[in-house]
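First chain A sits with chain B, and in the next complex the same chain sits with chain C.
Then we have the complex of A and B:
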């Protein structure tokens, strides 16, 4: 390739990507870098940045010795572990149950993706309404079975259950859609062969089908974990972290530390922790399924 | 129904609705335009720095919004972009571009490169190839990207809450303030929540196949 051709090539390439790169750099990457930098400064909102004082690792020391941060981290881990494993189990079970049912499948799939598209504010409000002690549907249904009304969102354990239930409702469909798509790509001749060898449904499923889509299951799991660690808006509306701090996940803890506690350095230090967790998971996801991999081979 | 009427004819509802529509539609259009250009540039050209840009983009896709809330407020104040719809649009374009590029990149790769080469031999300039050949072929990808971007720009409320005031509020922010303002007026609030939920649901019904392709993009070949 001649030099001039390469140059014009590169120049055209930059014309295509530059607008997007500039906007992402200015309004996404720069804020992320600033979040990390803020962790090392003592600065109050509303004052000029010039007045910010370098504070070194102080914010990190404060945050990492703060029991509230550890409680919040534990809440986040518990939330991610319980909701994601329930979603994986239910999503896989549903996909296996509905897999053969080709009639009406398109309709089912459409119905299933709806919860993911609803605004978090609407999801949070709806569940808050359903869990309402006085007017909520859930207590009304329980009353039919003779169960006394519960103050769902006023009890620490029940409130935690409530945020898990709402997350399961919203995100099990994602696992379902991924598993159904994975199963659709399984080579049927292998299944046929196993069937001829006399494999029963259970053996066929656990020994052949699921191992064949292990890759899809792994990437689904990591994607769900990433989202579980980022969760904020639904919980903000549903419980706002309460009662006490029983449902205060890391994102909400950051938000409250920054905008209610006005402790920006501390909020940024926690942000760095959350960022590291999410970036490690993202790196893992990219290793498993790299959307750029196809082109790397060509070039 | 009375609750719906109360909400819709509330004097400020109209303004918030217009704000939400402007932010949702403009952010989606800009994201799509810049996103498909960048996806094409990354998929079809080799140049120094390509890998760095591609991987940084992929990593930015999962940045938690809580992490950028504080710096965004600080930077936008500095740039005098707080309390303006433009500031919100800029932010939503930036946070949606990584996913849009990621998604459309896969669609561009599926365009037969021979088609583009043939056009190039016929003397077609890269821009014409992009507009005439690539764009029409990646329309399903554009539909999926449009729905996902609109969904974020229309639904998001934490950053909007931080960045807007009385006149630039979007509908989800208005709804979130309802909760704390007057205790909880369930009838009105649920009516408002349903109205907010509706547009993304309609789009999803219209293009369910594209939404599913967007959800499974990258992880499942198909």
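Then we have the complex of A and C:
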């Protein structure tokens, strides 16, 4: 094909995708750019934007030297590391246990994905009642086994455990559903070839099945990581960052800085930091197995 | 002598459906056996039972004299090549080929030696570091065979290994498979629906229909002495002509539509008046423009194939379809009525009721 024809084809292709690209750019980039810009201004809500003062790097300097922000970032990293690892492990284990055609499995699969569909605020409220020191079901169950009542949401370690438990409860189903869909697409003859080659269950799972759905696992991990760093509602309702700031994840810290502290510039600066952290982690996760890069190579 | 593979009254049922019905079959050590039949005839199920991928409902499977009916696939001393190659997509060619050996903790230099040797035989040495995705269909096929070879099994199982390749490559791989078998001399069970593969590769062909063996024999046997109508219709290209008629005077078949009488190569004793199916290979219908032509054919389509011309049409004054295969170029016969005589060597007579061959 001649070069001019190729160019005109490429132009046509660009014209087709242009509207989508423009909408995506507007919807995704505009808020990001605005947030970054806001970081350079000193502005309080309720005052006209025209009165916002240019503050240069001040907000960033304040934020980066604020120990509360670093504590919050550490809390977020701990929260994401523990909850996402547990969710990946449990989700994969459940999917491996429940794949295939076992009688009544459709019912269980539906049951397992229900938590994912519950609104986060409702999840937060539900767990708050469950963890309630006086009336909560969890203490009631523990009492049956002779364990003394615990102030779940009043103790720093227990409160941190509580937000992790609620997150695992809500998001393991997401991992489960992604992995089980991935496993359903694995070519059965490859598994049969592995059986003939002598692979038993553990080898088959760890050296054939899971590597074959590495793309699905990578995407699932990225999506869970991004979500774990943005988690807000459940913790807002469950602990509001307390006791002290033991469960104050970064998004809650941003919320408090912006709407309680009325420091929108500083809140934006932290948002930018959060964005950078999530981008770095996503990049690392996709380096393990990147479906987009692989589909490029296929062409 | 101990058979390479032996099936003794093997039955496979899925619920109420009998897929394989009490089959007995024995492949001598080093023999190349081809299971052939239309889709759904049970040939792949038989292969999968030999591999241990499918349980056996009833009966016994023996490999080199050892009962393996309840033995795990990897302990049966077999290797299998799948239709879609079934390569591990996340492993390189070398890793694909050595996977089984690493699981049995074979020493590294032994693995290297065997992989290198198989790669050399198959001409894929330069591909060892590539992933399956970066290979063509033919190369993937070779890797799948390499994976089977490095295990040095007693029995090779092939499940329609060439059906995903284009016609030219299929013909080439067919030759390579034949050479490979000659070189390795291992018992091979090969499943295909392609009769050309069956005829060219097999020491013996097993023709299956609806879960039962119709005939076992060398390619020449099943072609020249088909046991029944099914085998006669399945083996041979173009397909054998099947004309309804009845036997007169023990050594003639009369076709009621045309009144034609066809002399049989050997008489069928005591069968006068019996309704039969007369089978004539298209190669046995010879152009005869003289007055002694036995049949007359209205040619509808003439397909010129280079060395032969296949004429498709009907018997004159009848709507029974007939095909004739003539040497040379006869494209001009399309639309014409022609006379045909019959080569008795290509004539078969089948019982109209049981379908059994009455003269061979």
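Just so we're on the same page, the second predicted complex is superposed on the first by the 243 of 299 C-alpha atoms of A that agree within 3 Å, B and C clash if a C-alpha of one lies under 4 Å from a C-alpha of the other, contacts with A are read in each partner's own complex, and residues count from 1 in each chain.
We take it that a residue touches a chain if its C-beta (ideal position, glycine included) is under 8 Å from a C-beta of that chain, and two chains touch if they have at least 3 such contacts.
What you are looking at is a predicted structure, and each value in this text was computed from that prediction instead of being measured.
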Contacts of A:16 with chain B and chain C, given as first, second, both or neither: first
Superposed model, chain A: greater residue contact from chain B or chain C: B
Which superposed partner A:45 touches (first chain B, second chain C, both, neither): first
Chain B versus chain C as contact partner of A:32, first or second or both or neither: first
First, second, both or neither for A:189, with chain B first and chain C second: second
Sites on chain C touched by chain A in the complex: 51-53, 72-74, 78-80, 82-84, 86-90, 99-100, 103-104, 133, 147, 151
Residues of chain A defined as touching chain B within the complex: 9-10, 12-17, 19-21, 23-24, 26-32, 34-35, 38, 45, 49, 106, 109-110, 113-114, 116-122, 125-126, 128-129, 132, 135, 174, 177-178, 181-182, 184-185, 216, 219-220, 223, 226, 229-230, 232-233, 236-237, 250-252, 254-255, 258-259, 264, 267-268, 271, 274-275, 278-279, 281-283, 286, 289, 291-292, 294-295, 299
Touch list for chain A against partner chain C, complex: 187, 189-190, 192-199, 203, 207-208, 211-212, 214, 297-298
Complex contacts: residues of chain B adjacent to chain A: 34-35, 37-38, 40-43, 45-48, 50, 53-75, 78, 90-91, 93-95, 97-98, 101-102, 105-106, 109, 126, 130, 147, 151, 154-158, 162, 172, 175-176, 179, 184, 186, 189-190, 193-194, 196-197, 200-201, 203-205, 208, 211-212, 215-222
